[in-house]
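Per-chain residue numbering starts at 1, and chain names A, B and C are given in the order in which the chains are listed.
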Amino acid sequence: MVMPEIVIKNVSFNYSNQNIRPALDDVNLRIAAGSFVGIVGHTGSGKSTLVSLIDGLGKPTSGQIQVGTATVNAQSSPEDLAQLRRHVGYVFQFPEQQLFAETVGQDIAFGPTNLGWSSEQVQAAVPEALKLVGLPADFADRSPFALSGGQMRRVAIAGVLAMKPAILILDEPTAGLDAAATDRLLTNIAQLHAAGTTILLITHQMDQVARYADQVVVMNQGHLVKSAPPSEIFADPAFLDANHLNVPAAVAMSHRLRDAGLKIDPALSIDALADQLAAKLGGEHGEQ
Amino acid sequence: MNNKIVFGSYVPIDSPLHRLDPRMKLLMCVWYVVLVFFANSWGTSLWLLAALLCAMLLSHVSLRQYWQGLRPLAWVIVFTVVFQVLFSSGGKLYWHWGIMSITHDGLVNSLIIFYRFMVIITASTVLTATTPTLRIADGLDWFMRPLKFLKVPVNQITLMLSIALRFIPTIMDEAGKITNAQRSRGMNFHQGNLVKRVKHLVPVLIPLFVNSFKRAEDLATAMEARGYDPDSPRTHFRQLHWQGSDTMTFILMVLVTVILFLIRGGLL
Amino acid sequence: MDAVTLTNVRFQYPNTDRLILDDVSLGFPQGEWTTIIGHNGSGKSTLARLIDGLLIPQQGQITVGDLPVTEKNMTRVHQQVGIVFQNPDNQFVGATVADDVAFGLENRQVPRDEMQTRIQQSLAAVDMAQLADAEPAMLSGGQKQRVAIAGILALEPKIIILDEATSMLDPAGRQLVLNLLKQLRTQQKYTIISITHDPAEMAIADRVVVLDQGKIIRQGPVAKVLQDVELLRQIGVGIPAGQALRQALADRGVAVPARYFTEQEMVEWLCQKL
């Protein structure tokens, strides 16, 4: 299968006909297959609307969205929209709130069954999906409602992964998780990306974006403000501030050090910053 | 996100009707529904319709907004009316097929039902469009006060009611999110026969119930932490103020009633 | 003087065999901000509920000020202790902002005239006075949590507990709530207890208590506890950025003093060195 790329052309979207600001205003964007894209912006900036259109959950008021060979526009039928969904998996915010089946296995099987897979295919997909989120196969027989919060979230994500989407959308997947669970989940996501899945990560956590993304899309009031590599986005504190974005801790510290007159390249992670500093500090220690 | 007016939702503007005491409006609405059943002729029906139109004009809510609120119920009304036309008998027979027939009495009956349906629903929409749900609960609380002597837990009932109303938008919002999540997992709500479509509700309703129980538990804990004790007396922040305009409205209501019965008795 | 004291507290939920809190003795100093950190399921939230009397321990004693937390004193305990819970929506009882703040006052049978002023004052204190008539659906999560805090302030409590109250908020909302708490701390009227996973929230407190499997494994001033990066890793909480950089440098063989660094202190230290 050819990996699908995403092409968004002049897309606008209004929730109703009233004279309120459109949720999306003339957005243009191209996402290459296999990218890891961070989608950032303040609450209500249009991030969720953008990805829900990519998943065919609504149709654009104007413009065109293409995912692989499927294309939709304002005139598209529900069947056309469903075509987009064949490539895309969407993990909503707090996805554990959507679990419904008696067993974990049945819940994970829901998506593949809807896609019309044979029962052998569905049966094979369940343990595979559990493995992808780092849960043992015998979880399939347990009730999803008897699990811990973190485990429920993993099961919900497995339910999306079971459909083997080429493009995976995650809306704030680590919200409410502790640091250890957050790290585990991000590692899983990085593994999926390494295996070829296109990742669209909506998040307020700039540290996650700086660390994992190769492309950052900045939204503000329904406009796509900028789409660029993280090194470029995070190089400009004034730009981040104007778009209500936090500065990743490593970036903030390297900027402060530069302001203090030190020759430091902007670093995107604590480790990258420590490498640079250690080289300098280590040198000094050698002379002492 | 969704700014459409739905049946029963409040329209936050200012009008003489908005300013009335909720007790007056509740009384008026209930009284009007009773009066509708006394309308037995063209004259009486038109008189009550005119009274309703006056109230609608005074509410400053546009007719288009009322229509948008009523539209979701249009199918129920059409279905009931068609059912009446086809399945009631009596009087002159115009057409029949199997157990279905169109008769003179059937037509008259369905017209009456259509009229009652429309005016009663519109009257309640006038009430809900001009009165925030919480104020309606306050009004109900006042009317139910005498029941306290019968050991009915009026305060608990109205608090429950106002909390239920408060959570309707939250739960609607959540239902939308869960529906979208299941759609994105390949569920098609518009496919298959009726049984299949009903089955499609399961993946939406179960999470909705589970979340609502969780919500109720959280809410109970939060209420307890804030010192709520169902058995203790509470003071009330919201108070009702009966004003001159309410008395005026009451007099108007009596007038409408008197005129209705004059028309009915053939005196007007 | 401790605002809250726990003495040999033991708790387990009915029909379970796991001890949630195992012989915990702990004091919360008056007027200070203490954060409680630990794994999910380490007993943090249970601790908060015990202090407010929402749960009663099987063994041991809890006092708020000089008031023992017992069934008999419950009304007064609820008045002295206010809790902000995790989910902003599930604790918003009123149909409007003012109604929600009024809820606690109504329960306490505060006369209506007094209610008006208290609601206005507490809404002003959290900067929500203009939104007194707003409905919850129009508010952001951060605003709802501020209203929850206003509801607590209106009751003039001594202790404010935040049970992961910022974990469901976006960064702007979280900042809004944390700024408010910082401001309340300066008044020194309230003892603040916050339960959190957020490294930034830990770092601005005065003291940290680390819970693990129902026992207190460490407590002390922030700088002292957060210095132990190994401990933070072990209990799965995030490491504040200044401290993370210190550790990363130490791992690379740089001689960094073994003490706690805030981001600012780290930058200053580096500037001095380079």
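In this section, a residue touches a chain if its C-beta (ideal position, glycine included) is under 8 Å from a C-beta of that chain, and two chains touch if they have at least 3 such contacts.
For clarity, every value in this text was computed on a predicted model and none was experimentally measured.
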Review point. If you tally the C-beta contacts, which comes out ahead, A-B or B-C?
Key: B-C
Point to revise | Relative to chain C, chain with the most remote C-alpha centre | key: B
Check your understanding: Whole-Å distance, chain A centre to chain C centre, using C-alpha means?
Key -> 30
Practice item. Provide the C-alpha centroid distance between chain B and chain C, rounded to the nearest whole angstrom. Key: 43
Study note, to complete from the structure: chain B touches at least 2 other chains through residues none
Practice item. Return the residues of chain C touching two or more other chains; collapse runs of consecutive numbers into ranges. Key: none
Exercise for review: Show which residues of chain A lie in contact with chain B when the two form their complex.
Suggested key: 15-16, 18, 20, 52, 55, 57, 78, 82, 85, 88-90, 92, 95, 97-101, 110-111, 114-115, 145, 159-160, 163
Point to revise | chain B - residues contacting chain A, complex | key: 1-4, 174, 177-178, 180-188, 190, 202-204, 206-207, 210-211
Check your understanding: Which part of chain A faces chain C closely enough to touch in the complex?
Key -> 42-43, 148-150, 175-182, 204, 244, 246, 249-250, 252-253, 256-257, 260-262, 270-271, 273-275, 277-278, 280-282, 284-285
Exercise for review: Flag every residue of chain C that touches chain A in the complex, lowest number first.
Suggested key: 39-41, 86, 140, 164, 167-168, 170-173, 197, 199, 236-239, 241-242, 244-245, 248-249, 251-255, 263, 266-267, 270-271, 273-274
Exercise for review: Within their complex, state which residues of chain B touch chain C.
Suggested key: 132-134, 162-163, 165-166, 169-170, 173, 214-215, 218-219, 221-229, 232-239
